[in-house]
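Chain naming follows the written order as A, B, C and D, and within any one chain the residues start at number 1.
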Amino acid sequence: MAGFQAFADYIICEKPIENVVVNGQAVGYEFEIKYPSYRGTYVSCIEKLEIAVDGREIDPKDLRFCLNHKEFLFAQIPELYSEYWFIHDNAVIRVFQEDGLAKDRDHEVSVRIVHRIPYTGYFGDYLVLDSANTKKLQVL
Amino acid sequence: MADKQIKYAVTLYSMSCEYFTGKYNLEECLKAVAEMGYKGIELVAAQMIPEYPNPSREWMDEFVALLKRYQLEPICYSAYIDMGIRSDRDLNEEEIFQCTLNDMMYASYMGFPIVRTQHAITPKIFEQMVPYARKFNVKLTIELHRPHTPSVPVWQEYMRIMDKHGTENLGIVPDFSIFQRTPHKLYLELAIKQGARKPVLEAACRIFEEGAEVEATIGKLDSLSEFEIVTIKDIYSNFYSNSADVEEMRTLLKYTPYIHGKFYYLEEDQDDTCVPFHKLLPLIKEEGYSGYISSEYEGHHFSTEVSSAEQLHRLIKMENRILYGV
Amino acid sequence: MAGFQAFADYIICEKPIENVVVNGQAVGYEFEIKYPSYRGTYVSCIEKLEIAVDGREIDPKDLRFCLNHKEFLFAQIPELYSEYWFIHDNAVIRVFQEDGLAKDRDHEVSVRIVHRIPYTGYFGDYLVLDSANTKKLQVL
Amino acid sequence: MADKQIKYAVTLYSMSCEYFTGKYNLEECLKAVAEMGYKGIELVAAQMIPEYPNPSREWMDEFVALLKRYQLEPICYSAYIDMGIRSDRDLNEEEIFQCTLNDMMYASYMGFPIVRTQHAITPKIFEQMVPYARKFNVKLTIELHRPHTPSVPVWQEYMRIMDKHGTENLGIVPDFSIFQRTPHKLYLELAIKQGARKPVLEAACRIFEEGAEVEATIGKLDSLSEFEIVTIKDIYSNFYSNSADVEEMRTLLKYTPYIHGKFYYLEEDQDDTCVPFHKLLPLIKEEGYSGYISSEYEGHHFSTEVSSAEQLHRLIKMENRILYGV
């Protein structure tokens, strides 16, 4: 039974998806997420971050995690113990995809964050939460 | 609340839901608790300081100014021992020392007399901090929180250190979660929302009340779903086992300058059915406790629909009723 | 023969040392340094950072490296590849020392930075520069 | 400079000393080069972008506005392949791809037609970038810099890739350092300041001019200090060996949209004694080169006393004299 999870519904921000446009052409899109806890964490505490859009799991090599005005590869996430994720700072998930996302309809975004609670080692173990959220978002 | 011996404080953590969702910003949280009549404030640094773990001087100055504006007093700066921030290893001694020293410096700068840290500090580092606690004139306290109880061996060590160096600058913050029993309303509602059947959970609780162990209880119930089994085990470990006896509070009081009055849900004008405030409060009063009891609402882990302000209001009323019959 | 070193004279900033005061008592002191290059670097490129004050080498456990509004242990420096040190951002070196530094006289500060130039692997090797600077500073 | 075939640009890197010391901020650097008559600008991203490697949109918008204010044109965005940023390993392919893609996006956003990267990109990743260079309408170029020369094997591979995909969106930026010979004034002055004897260095250079190798040269000189030996070896490797032949510039021009006119020190109204501009400029003119030559002053590695502005001014004068006899 999971308490501690009431904020998971807020992971995906209620803001439209934006296409990433270079030289007039869309090369991908991005949307925002929040860390689902009463307190902030360190990015290295994210053990898994999985993104699916319209039912399709996105390959991590096409994904970027943007926070604190920096952009990271998903592969770097476990190392980022000096990047603090404040609960009021939205992270941007950037997805590289030729032509971005079509604007004629809403898209279903799913995010799963498996995250270690860094202070819960009461008897040598850490609480690891598995938080997920799915929302339909417009494209701006 | 002026002349009473036991002083009331509130941790801003109680407003987690309003703060997380953006309904209240920091100032609005302070304004809300000031209007409820609270005077003493606990800040959970990792929750409300954007530049955590290194708050800027600007942020700290602004926070102090806000407290002043609402005539609030800084009482407890809540620090963490975030042992697990690295993926390759736990924090080492140098890192625990660093973050604790910093937290004590930030707390001192903002005028907090108490710093709450966590048991993972280790007795060795806790003792290393003693001269700094004296120098900075702060009380370095360790929160005793569920699933720990006073009988977990490390707590005997912490008490020995406090006996040795005195409690002028050291202490324990008991969190009432160590005494909790009987699942609260929000817990049960969430479990039911997630698929457990209400009569099944109620039956399990009845059997637990009679003193049964978890496997025996599960054996007595028919055709449980996998989720119900997990939930019943969770109920057992959180509410029917591993709890401290209320009487253990007496031993702790000697070291206690500050208490976390943890609660999850209160009905209007009723006693808490989960956390035994009705036994604990008379006990600490009888022992002559004159420190703070801090209202710590934690229902937000289970529901974002409840008004924290209303819950905090009900807690003060209940505490006044139990302590002073008013 | 070392070119590439003309900026080493600027490592230590011409600003007074400040004592770090808590509860009215000095627990240490701090001063500022610049990265001695035409371009910024990543903190992880610092292979050695040695600090001496009044001729005495400071134990790394008493030292903190503060940059980008964050404070680091010297032991963390090699791992900080996501902390960029812009050439106009001064880093603060904090030294923990009981009672701080006396104000009645100037103090001699020496800094040695051994730093890898991250793009110079022309034939598989990196240029590693050894830059040092000593200055007399007042205490504020 | 309007109608001439070869176009002049300047890299802001030339103002490193003024920028580093705070004498000029970014705007003052732009103002200074605009006043010298330059129209085309190269930006070294890792030098002047505070949020590098991820410039904010605000910074980029402000930069574009500054260029406009001084009627300057963005020509080349200089990127790095910072292979060695990690202490445990070199950058991997995914990381090199990421930073290069980003740099091309930032360059495109700010209107730079050329992105300069470095040879460490590897032929494999360079070829992966081709479709992006087309899509973003930027030219992805690799700087050919000392100690590399066109004969280092990887350059043959890069040229094959450019032959295969065309040079519409790919190219080489030769840095004139590959042709340098004879130590410049600032180098010698610094070596002497650091303890080498002037007559000794002059004697070594004379022997090198006659074609001697480094060990033979050191053998011919008596009682050298350790520092003098190190310096003489350094002089040999930087100025008397490993240099490309001026004629090799002809092969490169086919791939070249932009040249780094690297120099260290110019006397008033005299030719460069270190970098053979007097041979290179007539050669590129004769070959009909119509791209940019960018003034790249690098004396700041050796002295912070020289005025970069004066040096840049002397370079234009020298270039005009050599190219057009004016």
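Details
Criterion: contacts are C-beta pairs under 8 Å (C-beta built on N, C-alpha and C of every residue); 3 or more make two chains touch, one makes a residue touch a chain.
The structure presented is a predicted model; accordingly, all values stated were derived computationally and were not measured.
Any chain touching chain C that also touches chain D appears here: A.
Ranking A-D and A-B by contacting C-beta pairs places A-B first. For the pair chain A and chain C, the distance between C-alpha centroids works out to 36 Å. Between chain B and chain C the centroid-to-centroid distance comes to 41 Å (mean Cα coordinates, whole Å). Chain A and chain B have Cα centroids separated by 29 Å. Contact of a single residue of chain D with at least two other chains is seen at positions 51, 53. Multi-chain contact residues of chain A (touching two or more other chains): 70, 79. The list of touching chain pairs reads A-B, A-C, A-D, B-C, C-D.
Partner chain A is touched in their complex by these residues of chain B: 13, 16-17, 19-22, 44, 46-47, 50-53, 80-87, 90, 118-120, 147-148, 187, 190-191, 194, 196, 227, 230-231, 234-235, 300-304. Those residues of chain C that touch chain B in the shared complex are 22-23, 25, 27, 61, 64, 66, 69-71, 73, 75.
The part of chain D that touches chain A in the complex is made up of residues 51, 53-54, 56, 94-95, 98, 102, 104-105, 108-109, 132, 135-137.
Those residues of chain A whose C-beta lies close enough to touch chain C in the complex are 70, 72, 76, 79-80, 82-83. Interface residues of chain A, counted against chain B in their complex, comprise 1-7, 9-10, 38-40, 42, 44-45, 47, 78-79, 81, 84, 86-89, 116-123, 126.
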